[in-house]
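Think of it as A, B, C and D in the order they're written, each chain with its own count starting at 1.
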Amino acid sequence: MSLSNYSVAFIGLGNMGGPMAANLLKANAKVCVFDLVPQAVAELQSQGATAAASAEEAVKGADIVISMLPAGRHVQGLYLGDSERGVAGLIDVLEQNTLVIDSSTIDAATSILVGKTLAEKGIAFVDAPVSGGTAGAAAGTLTFIVGGEVSAYEKAQPVLSAMGKNIFHAGQNGAGQIAKICNNMLLSVLMVGTSEALQMAIDNGLDPKVMSDIMLQSSGRNWTLELYNPCPGVMPNVPSSNDYTGGFMVDLMRKDLGLALDTALKSHSSTPMGAMAQNLYNMHSMQGSGMRDFSSIFELFSAQNKQQ
Amino acid sequence: MSLSNYSVAFIGLGNMGGPMAANLLKANAKVCVFDLVPQAVAELQSQGATAAASAEEAVKGADIVISMLPAGRHVQGLYLGDSERGVAGLIDVLEQNTLVIDSSTIDAATSILVGKTLAEKGIAFVDAPVSGGTAGAAAGTLTFIVGGEVSAYEKAQPVLSAMGKNIFHAGQNGAGQIAKICNNMLLSVLMVGTSEALQMAIDNGLDPKVMSDIMLQSSGRNWTLELYNPCPGVMPNVPSSNDYTGGFMVDLMRKDLGLALDTALKSHSSTPMGAMAQNLYNMHSMQGSGMRDFSSIFELFSAQNKQQ
Amino acid sequence: MSLSNYSVAFIGLGNMGGPMAANLLKANAKVCVFDLVPQAVAELQSQGATAAASAEEAVKGADIVISMLPAGRHVQGLYLGDSERGVAGLIDVLEQNTLVIDSSTIDAATSILVGKTLAEKGIAFVDAPVSGGTAGAAAGTLTFIVGGEVSAYEKAQPVLSAMGKNIFHAGQNGAGQIAKICNNMLLSVLMVGTSEALQMAIDNGLDPKVMSDIMLQSSGRNWTLELYNPCPGVMPNVPSSNDYTGGFMVDLMRKDLGLALDTALKSHSSTPMGAMAQNLYNMHSMQGSGMRDFSSIFELFSAQNKQQ
Amino acid sequence: MSLSNYSVAFIGLGNMGGPMAANLLKANAKVCVFDLVPQAVAELQSQGATAAASAEEAVKGADIVISMLPAGRHVQGLYLGDSERGVAGLIDVLEQNTLVIDSSTIDAATSILVGKTLAEKGIAFVDAPVSGGTAGAAAGTLTFIVGGEVSAYEKAQPVLSAMGKNIFHAGQNGAGQIAKICNNMLLSVLMVGTSEALQMAIDNGLDPKVMSDIMLQSSGRNWTLELYNPCPGVMPNVPSSNDYTGGFMVDLMRKDLGLALDTALKSHSSTPMGAMAQNLYNMHSMQGSGMRDFSSIFELFSAQNKQQ
């Protein structure tokens, strides 16, 4: 499908945003980009994007605005402005019927606030956080989990399809964020639980590959055993077989677990497993593993200097 | 495949052993049965089995002996005897080249001890604990996880195939037990982790069915989301949609988690997630849910009288 | 010591604030009070306070302003105003050299923000959260944990001494809040840990009173064994011997644990024990115990319908 | 008090048993000693003990037998014999009315079995595990927690008083062991909980000494804050201020936690905090800290390479 009729503004061209914008260009969309880092803008310009000198300039004439930013305060500042710093938000310049797609992973409360405030001006907003990492961003195989009105979700689909493979509608504004962090909290539990089960098997003389195969065909089956075994040597081409490089960094998992537990505190939800995983990942990062793949949590259980 | 050339002794005809022995009869095996409960023996007799008055009598002339007993002390007593009570074990009467298949779920140490002691007399032994519950026992669709020599494993296969669908070779004696409890420990973690993720989504306004669908296609995917969703109403024909009746009882999960943590203590393995699940299942049982399906742990997170 | 030279404004006359203000009156301070609930104001008026129709009116001419409010947003609104609602804050009317003492238990970030903003106008601020409950408030035996400049701490002391017995200086603004929640997080861990140790002793045939005495004189000694034994019948005149009524409510502990874990998330601190306690208190409250004393967590471990 | 009328056999002269036997000699008891290590025997001989060539020889003519051994199997083997190895137990040679005091820290089940079996021959038995470490053993300031009949407890007291300062009667046989591990399980929870509270205070800018003082006088008070602060520099002359050397080793705490959780599994007790502590100590040991003082668990929370 060609996006040649679409005029897209893309704000935030980091490790994820850059390749995502590039995929829109490949799908023939008109893309105007902005980032605080001039090099990031130049890189996209070289691939066919129009460079803007500011976010305000980037969104002029855009049908669709996409943002990919680090945290909730950046998203709120971009769209609603920051009265403390006297900075205006895009809300003052966006035209009615523009669709805003925020793909940042942030707290749901901010997504809800931004969505509600934009809606008062007739501007549609969806939160559409992604999973799939930088590899997925480059390959255009990301997963998008979308929160917003059905009409906005449907309008976003062609554009998201140019950047991703799976697109889910989770519910109203904020639901995309909630669904993503619930999923990632569960993922952290799967990773830790699988690691300790595998290491206990090893400690009792079993072969981790045999144990993995058995659990994969039994009631212990889960995504980590299917695609991302944390035990070195069991599966080729995964981070555990590459000294835990590549993949999804421990500190990114910590960020998501922080958002998850913050959400649980606010909704008075009990999450003992998620809290356990969050603390283990915290300790793991503090011991120097923050930049390694999150499956390296396996090493908490398999330390080489294991003593009797 | 017909087992008409096989002469099998079956000891222990409870909720699991009874239907397992019946499936051997359906496959045309000659089956001689024993149980301390006369009714259980009579029931199998009516289906074509020969009744024995004792375990010793049951194993006479058998090629293969299968046992299905509640705990390690029963298995050890049956095969090795109990010097305190002056009871002799089957080890004194079994002929060389008999194959012993113990399908009880017990501690690996006992399996290893029994296997080693029988081997000294030339009697082959495999531990072959099952999963699949009473429904699987009746339908002949159990999963067997086998520990023992390859030759014994291969000899056991035709007989196990008459009672089950999946048959795994986990390693040497005891490995069947270890693999089963590692799997079930992980299963308990999946169940608790999935429950808390789903309830947190519900607490934040998401539909549990939508959330389940998203996680099923994302990195939170696991066996409970595929086949055994713990949230009432999401999936038909599972215990959660039937008031948590049927299925796999909380107190059976507690038994398996007890074996798992006992194993972890002995092998100095760290199992924080397994320990958390074990304690939560303990509390859940203490509050009166011991006989309900293990997916009812969901209610720890979704109590109706939830307060702000 | 007489406070007859002090003119105090007291804002927030709830279960804690009311008796605290009354103790200032007993110490001969001039006290002008305000609360949104007219009855609360009338009650203090009958004890000698001057009633104010608004917070602004209450603080006129006051040397010292004391506030006792439910949450951070109330404190921020009171002092800094709420631009969304067009409400001005006391910051616009307080005179230089006034000392503000906020005894609310709130997030440290708000205390720091309010303290810093007031300081810019020359107004001194201390956060001075209390422990000791309504009984301590009535008896004038509260503990105050104070965050702020030494000079402000010293100025606050005479007034705090009229309402409390122990007054600590924890550090700069916010440190009072941090110290209180660290202490209360640890208290929750002591309570749960002591409960499970006592119940395990009981489960193995020991007398809980004997076990308590032994631990009290050994390395398990802690505040709960000294003054607040959670096992019914061990200690007279504590909530556990009075069906867990009175004392410190489960839902207040949940509030403090919520503040603690929110702080831990922000400072990237690992708190596995605190997180465990928070989740157990959450579940306990969800099962209907929110209004009972926090030592009732003992019942999670001692459920009467305990099964084998 | 002089023990000159007492004839004591002491078996097991390790780091604890050696100095304990020496204190009996100082109190003028006649002491006959045995250990598998000849040097240990010679050392006591040089202090006035009679050396025996075997346990059987040591107990001849003894009124009181004391043993201090590493694990349950050693205690059972010593008193009841080991039929597998064809070794007889002291039960065959001890005279009626001998009092046996086993000060080993072992599983309660073995203490109960040994006590019951000896009782059938008219031999009194108490389990009397100690705390206080090698320093307490040398200084004669150990704590003994005794399980057994009141008459046996009273008979043991003078002898125990020569070796210790605090002597508790916990209940029947086995109760000494149970009480000790309940206490030590709680101690591990106090240590971890105090560590995480202190580090969270530090992470938020508080002085750990100030924070410790405040909690010591508040509801967070516990033995570790009184006598064994885990944060370096807060308290002089404790392991944390001496690079975590001396004191009570991590691997000894692991041993006690292993006994505690094994007990919990058998009595179906829920111990989420104890299980958490056990897993954290396990991981801490695996990372190379097994021989350091158990307060070094503080470092799990304060890692120097802490990242944001």
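Convention: a residue touches a chain if its C-beta (ideal position, glycine included) is under 8 Å from a C-beta of that chain, and two chains touch if they have at least 3 such contacts.
On a predicted model such as this, the values are computed, not experimentally measured, just so you know.
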Chain whose Cα centroid lies at the greatest distance from that of subunit C: B
Between the pairs A-D and A-C, the one where more C-beta pairs touch: A-C
Averaged-CA centre spacing for the pair subunit D and subunit A, given as whole angstrom: 51
Gap in Å, rounded to a whole number, between the CA centres of subunit C and subunit A: 39
Junction residues of subunit D, two or more chains touched: 268-272, 276, 280, 283, 286, 300-301, 306-307
Subunit A residues within the subunit D interface of the complex: 251, 283, 285-288, 290, 300-301, 303, 305-307
Subunit D-touching residues of subunit C, taken from the complex the two chains share: 108, 131, 143, 145, 166, 168-172, 174-175, 178-179, 182-187, 189-190, 192-194, 196-201, 203-207, 210-211, 213-215, 217-223, 226, 228, 260, 263-264, 267-274, 276-277, 280, 300-301, 306-308
Subunit B-touching residues of subunit D, taken from the complex the two chains share: 83, 254, 258, 261-262, 265, 268-272, 275-276, 278-280, 282-283, 286
